[in-house]
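Both complexes shown next keep subunit A, but they swap its partner, so subunit B is in the first and subunit C is in the second.
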Partner chain A sequence: MSTLLTALRTWLVPFRYGLERWSYTMQRISGVVIALYFVMHVASTGQVVGGPSVWTLPPYEYAKQVWLETKEFLANPLFDAGLVVLAFMIFFHSINGVRLVLAHFGLILKKPTRPEYPYHPGSMSRIQRVIFWVSVALATAALVYSLDVFFKVLQP
Partner chain B sequence: MRAKTIQLLHYITGLGILVAGGIHLATVFLLSPYEASMSFDGHPLSVIAVYRNLFLAATLQALLVLVAFHGFNGLRTILSELHQGPTYLKLLNAVVIAAAAVVVVYGTRTIVIAHLLGNA
Partner chain C sequence: MLEEVKFKVLRYDPDKDGKKRFQEFRVPIRKGMTVLQGLLHIKEKIDPTLSIRFSCRMATCGSCGMMINGLPRLACYTLIEELKTRTVVVEPLRNFPIVKDLVTDFEEFFNKHRSVKPYLIRIDTYVQEKSNTMYLQSDEELVRYVQFAYCIKCGLCYAACPVVATDKTFLGPQALAQAYRYYADSRDEAGVDRLKPLGDGSSLLRCHFAASCSQVCPKGVDPALAIQLLRKEVLLRS
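Presenting the complex of A and B:
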């Protein structure tokens, strides 16, 4: 149990370690949430053809009826709020993921420097910090856009 | 597969999702009003019209496989840090592969049947 608590603490508590740790924690949380949403999304879109019991071509009107009922069930403020959070996470995870790919291939690393007092924990180069903040900005824009789609916040 | 190959595939699927996911989000939100995208039929990019379109259906199929690999491999990576040892890793790999397979099979069924339903 204590192993699990230690793991959860190192995964989920990003304080005191600089921007890279925040990026790590946010990438992991958003990744897990998107993966869980993906499974639910495949399950819910399965209703388009009439649900889990349908494995051959169903009658058109039956499939349509099941989809309309599913849509009605999914259209509530709680799920819509979840999609708004998800929009932020998807855009953050995508752009920050591009940064990670570039960094892992050594393309946007800074030159190593001699450690000098006071020691700063930051290991992200300037361009990496820029990409991180671009991902946060785009994610925020996606959040505002989806707030407008689901809650009509930008319309008079 | 070697860890090196899996990690490379994780990056390739991630970049592939940028393209396929971009097309998916564009069809639902940008190229058609959201209400029309969610309707079963009667609009150029309604649910059944998207599945009927071979290019968009193929994009959804690609997205399904790419996200299944990327997502479940991500979960596997995180869960592999919880416990050490070959038995745990083998069990974890088997569970993750089985779960991903179930999602891909179910999603493929939806895409194929909905495509046929659109053309029926």
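Presenting the complex of A and C:
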């Protein structure tokens, strides 16, 4: 139990350790959410196609029926809101993920130097901060766009 | 300037009831007073049973690391006035077992440090027995690792790391930074042999680059930078 509490406290509470800890927390949460969505997505798509029998039994009556039922089930503003949040997460996770991969290969890090005080860690270089904020900006744009798609917020 | 601050100190004594609880003390402060001096005031004037560990009082020995107002810091290197609060909350370092009160057990931490062979490995060991042996190094070669050599093994980075918090098999920022420090040293001849043991899933690759280690390091070591540089070598060379 205490390990679970420690996990929640350290994974989900990004305060006071700088931008990089925010990136870590958001990357983790979005990663888990996207993975869970992916499972649901495959499951619901599987429902729609109705399994392998669909392909052997034209004219796909059964598939059509399942497709309509699933569509009805998913036609719910809650799922739409979930997709809006998901749009933010996918954009953030993938662009910030590219930054992490580049950093893991040592490409966008500062070179080691003699530390001068007050010291600013070179691990979070300027270019990395820029990519982080670009990922947040594009994710926000995706969020606004999908808000418009689902809830018509931008249309008069 | 405040006249007095409240110290809220976490107390724990395994030989008594083994329960953790906070105890409050009022400490008169003066300009330039550190958290360590506040704790010493408590120990000398109010409660001599309070256990703390310190030695140099000048951010050099690395003994006095503790959680101060929620962040890992050196007590001797933290001015009370810089905290800008009327209450100073002091707890033992996170991610370390507690021995008593503010004293934590560094055995696991030092074992991890030892495991990365924190010394120069050379094939010409016999030459070193001659007292006049010198290994010359240019300034560029020095700068490649000297930042990481400033580590005082205070454990603050280890306490800040969210991966260490839940995975004790992870080597942690300090040991990994030292692994890179020796790997990058032009005098060291171990080469990829240093990288091989780090290629498994838990020792190095568990690092998720939260970089909290670099935020709290009092010596500007930037372990997160060393780890990413090391990871690059492991990914590309080993």
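Rule of thumb we're sticking to: the second predicted complex is superposed on the first by the 137 of 156 C-alpha atoms of A that agree within 3 Å, B and C clash if a C-alpha of one lies under 4 Å from a C-alpha of the other, contacts with A are read in each partner's own complex, and residues count from 1 in each chain.
As a working rule, a contact is a pair of C-beta atoms (placed from the backbone, for glycine too) under 8 Å apart; a residue touches a chain by one contact, two chains touch by 3 or more.
Model, not experiment: these values are computed from the prediction.
Chemist: Please indicate which partner A:104 is in contact with in the superposed arrangement: first for subunit B, second for subunit C, both, or neither.
Modeler: After superposition on chain A, A:104 lies in contact with both partners, subunit B and subunit C.
Chemist: Which holds for A:123: it touches subunit B only (first), subunit C only (second), both, or neither?
Modeler: A:123: touches subunit C, not subunit B.
Chemist: For A:82 in the superposed arrangement: first (subunit B), second (subunit C), both or neither?
Modeler: A:82 sits against neither subunit B nor subunit C.
Chemist: Looking at A:3, would you say it contacts subunit B, subunit C, both, or neither? Reply first, second, both or neither.
Modeler: both
Chemist: Could you say whether A:67 touches subunit B, subunit C, both of them, or neither, answering first, second, both or neither?
Modeler: In the superposition, A:67 contacts subunit B only.
Chemist: In the superposed arrangement, which partner chain does A:94 touch: subunit B (first), subunit C (second), both, or neither?
Modeler: first
Chemist: For A:39, is the partner it touches subunit B (first), subunit C (second), both, or none of the two (neither)?
Modeler: In the superposition, A:39 contacts subunit B only.
Chemist: Is A:28 touching anything from subunit B or subunit C once the two structures are fitted on A? First, second, both or neither.
Modeler: Once the two structures are laid over each other on A, A:28 reaches both partners.
Chemist: Of the residues on subunit A, which ones does subunit B touch that subunit C also touches?
Modeler: Touching subunit B and subunit C on subunit A: residues 3, 7, 11, 28, 104.
Chemist: In the complex formed with subunit A, which residues of subunit B make contact?
Modeler: Interface residues on subunit B, with respect to subunit A: 11, 14-15, 17-18, 21, 29, 34, 38, 40-41, 47-48, 51, 64, 67-68, 71-72, 74-75, 78, 81-83, 103, 106-107, 109-110, 113-114, 116-117, 120.
Chemist: Taking the complex as given, what residues does subunit C use to touch subunit A?
Modeler: Interface residues on subunit C, with respect to subunit A: 70-71, 143-148, 150, 160, 162, 165-166, 184, 208-212, 214-216, 219-222, 224-226, 228-229, 231-232, 235-236.
Chemist: Quick check: in the complex, which residue numbers of subunit A touch subunit B?
Modeler: Touch residues, subunit A against subunit B: 3-4, 7, 11, 28, 31-32, 34-35, 38-39, 42-43, 45-46, 48-49, 52, 54-58, 60, 63-64, 67-68, 71, 90, 94, 97-98, 101, 104, 145, 149.
Chemist: Hey, which residues of subunit A end up touching subunit C in the complex?
Modeler: Going through subunit A, the ones touching subunit C are 3, 6-7, 9-11, 16-18, 20-21, 23-24, 27-28, 100, 103-106, 109-117, 119, 121-124.
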